[in-house]
Amino acid sequence: MTDAELLERTWYVPRGVLGWLSVADHRTIGKRYLVTAFAFFLFAGVLAGLMRIQLAVPNNRFLGPDLYNQIFTVHGTMMMFLFAVPVMEAMGIYLVPLMVGARNIAFPRLNTYSYFVFLCGGVMLVATMLLNTAPDVGWFSYVPLAGPDYTPGKRADFWAQLITFTEVAALAVAVELVATIFKLRAPGMTLNRIPLFVWSILVMSFMVIFAMPAVVTGSSFLLMDRLVGTHFYNPAEGGDPLLFQHLFWFFGHPEVYIIFIPALGMVSSIITTFTQRPIFGYTALVLALIATGFIGFGLWVHHMFATGLPQLGLHYFTAASIVIAIPSGVQIFCWIASLWRGRPRFETPLLFVIGFIIIFVLGGLSGVTLASVPFDLQVHDTYYVVAHFHYVLIGGAVFPLIGGVYYWFPKITGRMMDNTVGIVNFVVLFVGFNVTFFPMHQAGLMGMPRRVYTYPADMGWNTVNLISSLGALLLVIGGAMLIYNMVTSYLWGAVAGDNPWNADTLEWGTTSPPPVYNFLYPPVVEGRHALWERTAAAPVVTGGRLDCRECLVTDVMDGEPSNKTEFPGPTIWPFVAAIFTSIMFIGSIFTAWAVPIGTVPIAIALILWFWPHAPGHDIGAPEEESTPVVEARAS
Amino acid sequence: MIVRALLLVAAAAAAGCSGNQNVFNPAGPAARDIASLGWQLFIVCGAVYLLTLLALAWALARRRVPSDDTVETTASLTRTVTIATVLSIVILIGITISSVVHGRGLTSPSGPGAITLDAIGHQWWWEFQYRDLTPSDFVTSPNELHIPVGVPIQIKAMSRDVIHSFWVPNLHGKRDLIPGQVTNFWIQADTPGVYRGQCAEFCGHQHANMAFTVVAEPMDKFQQWIRAQRQPAAEPVNAEQARGQEVFLQGPCVMCHTIRGTSAGSRVGPELTHVGSRLTIAAGTLPNTRGHLGGWVLDSQSVKPGNRMPPNALTSDDLQAVLSYLRSLR
Amino acid sequence: MIRQRAIAGHRSVDISELPDNAFGHQGLVWWGTIGFMVIEGSMFVMVLITYFYLRLRVNEWPPSLRDPDLFYGTLNLIVSLVSALPNHLAKIAAEKYSLTRVQFWLVLCVLFGVALLVIRGFEFTTLNARWDDNAYGSMVWCLMVLHTIHLATDVVDTGVLTALMFTGPVTKKRFIDVSENGLYWYFIVLWWIPIYLTVYFAPRWL
Amino acid sequence: MRVLIVLAAIAAVSSGCEREVRPFQTLPVASARAQRVVETTLHPGDAPPPATGQNSPFRENAWGVGEGKRLFTYYNCSGCHANGGGGMGPPLMDDKWIYGYEPANIFQTIVEGRPNGMPSFRNKIPDQQVWMLVAYVQSMSGNVRYDALPSRSDHMRYSTPENARRAQTPKQTGPR
């Protein structure tokens, strides 16, 4: 047998339904993550459309307050927790192992588990929306409104548990990515040769790890207050409503950067490829990413300027919020410099990056105005803020993401996306976006608060709102074009080949789509731009075992080969554990007993997950081959 | 984009001349201060945005020359980027200082506070209480805040249920009303007029319609108003009004509403002692006309779904009687 | 076992001689363990910060309640500190790949863990407030339950590992797991110190 | 697997919706009784009328029960019943019902009043709100669906919250 056949057999992707549920490789899970996240994106987008219909004209009776409040809550929650963060992590799951030259992501079974937990959480939220049981207290559900006294029933509990779902999933992925980036890099990939996208994913993972525990704490307190009558947020018994805001925003602000930093990595990759030059100021860009990651934790209070905290403190947070504009500025300048120096090829991915710069800079500048305490006191919680964060989130994250989709689609599917459709798609989205969200600045300055289900006719807000609603129509068309282009290209698109863009990073050094074992010979990196600097007699890693899922573990700093580890194969138990976890989470909305009782099956599933040769491992394995694999593992 | 940015400034300016509840239509020192800061910010940020876009356009459109890859080019680029960074740092420091300077005035009033009053947020209406040395002279004015012009008004704000936010854009930025806390702030109007305020923190079903009116008037007129408010409710002067009062006092109304001088003394809903004198009803949602009042009393839920006023099935002549009675409470 | 051979025209970095699964930060598993320790650690930090945040908002703490009884908490502290010893020895034995010693010390660790859980059970009965009495009670119960969950998790964990060491197959990887498990046990023990001080002495000293 | 999901969905539909609707206007305005002036708020006590079996429209509805709880404070029921613990008036969170535990009985008790101090709220509380109060009074002894029970309020803690109490099986005790 050739090496390829042996690897094919060892790294098999299991077949059959059970196989589908037990698959444990980063490409499959990454793709599922992407598709699922985009599905939630569409759902939340439809909800946004409904809101724009309601707000198109004053005193509209299309939606009542009850339904409208559910819709905007689910829209925000779903976009933040079920689309933005997971989709960025999905890109990391799929691309990082390829970019660092590994055969798989670290802890692949944990990866499977996290996907199914994420899926169950998302399905739960969609179900609540369809069953008129959706949370209706805003995506940061402030207490006491979200507390037991003012939101009877289970609506807010579903919000709190959705947080738990998504955080469990996100934290697991963050740990995998950190381990992958630190220990599974190809030999020779020293710290200063790590691709910028991988750097951004690393920073994002660390931010996830340090930010999310805060919101888990906050939402668990909320759940306990509602279910078992604790008093964390009850001012009459020594609790404090503001505590929730602190806990939430200590997570909530880094959250924005968790979403936005991987996008910056995509921008850098795309600019490098489409200028065919090394990016300008690699070190500066890396340091900027890290600085953003740190400062991002220092400015949560700028969401609470109106709560009457001590003035001096507020000014500190003004300063901090303004300081974070500096690393962003540095990156913008570096990208502009790269574009100036290089020879830009104006294809769809680069267009989206240019759109990103135009939109994001405006959003960033309106962010600077928001950081100023006095001005924020006026525009806080108005449509000005709505405009601002859509500029930074859609402009700053979704545009690069779509650019990234156009860029990496060939690698993932093996087929190119249509460039002409792509260009039109870009124009429609760009115009649609600005027509939708730019007028919101003015609506806010004219005194329109956010989260209003309707507004009086005599406030002068009618025109701006109508324009926004019309722009939303364009956005819908743009989204449809994107889907159309993805589907048609997937079916009939031009075959891509290994490296259609002549890009520099390792993922383009293997076939498109990559084989189950990623690289026939694990690559060795000789420069920052692995493929551009690859010599004819480029060294490769040899001596690795082909008959078991062995991977090379390298040193954190200089990427020197250090030792070898064997990855576990596919198994059903992560899926089972995820299902039991979900049952426990949802059950604990109704009774606290779900926690002690629910943990038992979870524990059993986990034990079988880790138990060598437990039944359920190697499901869907090619029969005749499955034996030697097991022997190899036992030896 | 640039064009649109300019359009915004223009539009905001245009709107600035008109438009109640407009941030750029200040009628008090605090709002004026913030508005001027806002203009500063817009001009500076606008300029920065313009420059960035120009740089981008140049970078994309310029003709490429062989010397692009030389070390010198890179060095000069590095210099440019460094300068740009330093410049933006300077600008940002400027913005910080300016916002701190503007911020100082907002915390404490410029002059001695003439009036001290409590602002209490309820789901979904406002209660303004004018304290006085003699408790009998306390005045409660739901959803309508009367203030004298030219003097700072000290406000002690609190909430009875969830978090609300007190916001009169023409006078000042917003301030949250947080249960279990008393927040002190101040507002001041310089030009007489009627300004609209609105709850700015999401507070449930009727957050959208939780508005109130601020009536800023010269001191003497204000004193007049408060003297009038101190009086107990007007007695019925004709048979229909008397009938209306009877219906009111025998009916469900007394369970929630107060009319000073009668047996109606519940503090659950807005006080109605001088309801006839108000500009709006239903928390700044409806003009205070007989028709709207009638519709509100009969079936408030179809006007503001989820609000706390129950539907009241009154026979038509009972309703007419109640209306004439309420309208007579001036 | 089949190894990948070098190919003509390419230099090759041969990894056949590299060890399987190094201990500590050289290995991969260590990073996973550390990752989750950091996550749970920041969770503990958040809850502790909350405790003191709420404490600073009131004058009387605990509000009109006697101070919590020290006996079981202190006993718990002592026992967990002692339990670090067999845990440490198990870790060392694992890093020496000595099966019998690992088996012996692991069993001892499990016994200690069970003992701690029993003590913790009594500890709950002697707390001075219910979780739904007031914010103080809520905080105390939150801290205790959070730590108990971690304790129980690691006891089960150690139990499973012990079973594996007896049933086999005992691969080198198992010894790595034992060593990482030891690391996690330190984490549990060390976190009990600040939580113990907060729950039992914050009411007395602050 | 798929079957389970479908079943779960159906179960959720049937239960979730009922619990979570916000029926701002359950009863058509006209259905309220016509006003009539009453001379006294006291009402001669008589045997509880036969239970009509009519149930509170808010029995299954968390929002309605919650509003009932709010009205219980608004209308100062606690003045006598002290948050259900009982004071001047009988406790409401126990299993003893003097004038009948059927929703119709409770409705009548509120509307007509009872001897020894329970005033009549005829014409004072619209039927819709009476039914909310009925649902809340039932919830105090755990006699509405479990997941619609109110939890703690944002006040000083007075007793275990409704959703933490042991449900009582109501007993008819008759007048003292």
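Residue numbering begins at 1 within each chain, and the chains themselves are lettered A, B, C and D in the order written.
Everything that follows uses one rule, which is that a residue touches a chain if its C-beta (ideal position, glycine included) is under 8 Å from a C-beta of that chain, and two chains touch if they have at least 3 such contacts.
Worth saying up front: this structure is predicted, and the values here are computed from it rather than measured.
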| item | value |
| --- | --- |
| Result of counting contacting C-beta pairs for A-D and C-D, higher pair | A-D |
| Centroid spacing, where centroids are CA-atom means, of subunit B and subunit C in whole angstrom | 53 |
| Distance between the centres, which are taken as Cα means, of subunit D and subunit A, whole angstrom | 47 |
| Distance between chain centroids, defined by C-alpha means - subunit B, subunit D (Å) | 38 |
| Subunit D, residues touching no fewer than two other chains | 22, 24, 152, 154, 157, 160-161, 164 |
| Junction residues of subunit C, two or more chains touched | 132-134 |
| For subunit B, residues contacting two or more additional chains | 179, 205, 305-306 |
| Chain pairs in mutual contact under the definition given at the outset | A-B, A-C, A-D, B-D, C-D |
| Interfacial residue positions of subunit B with respect to subunit D in the complex | 179, 205, 246-247, 250-252, 254-256, 266, 268, 298-299, 301-302, 305-306, 310-315, 318 |
| Touch list for subunit D against partner subunit B, complex | 22, 24-25, 27, 29-35, 37-38, 74-75, 123-126, 128-129, 154 |
| Touching residues (chain side subunit C, partner subunit A) in the complex | 1-7, 9-22, 25-29, 31-32, 35-36, 38-40, 42-43, 45-47, 50, 53-54, 57-58, 63, 131-139, 141-142, 156, 160, 164, 169, 171, 173 |
| Complex contacts: residues of subunit D adjacent to subunit A | 9, 12-13, 16-17, 19-22, 24, 62-63, 65-66, 146-148, 150-157, 160-161, 163-164 |
| Subunit C contact footprint on subunit D (complex, rising order) | 152, 157, 160-161, 164 |
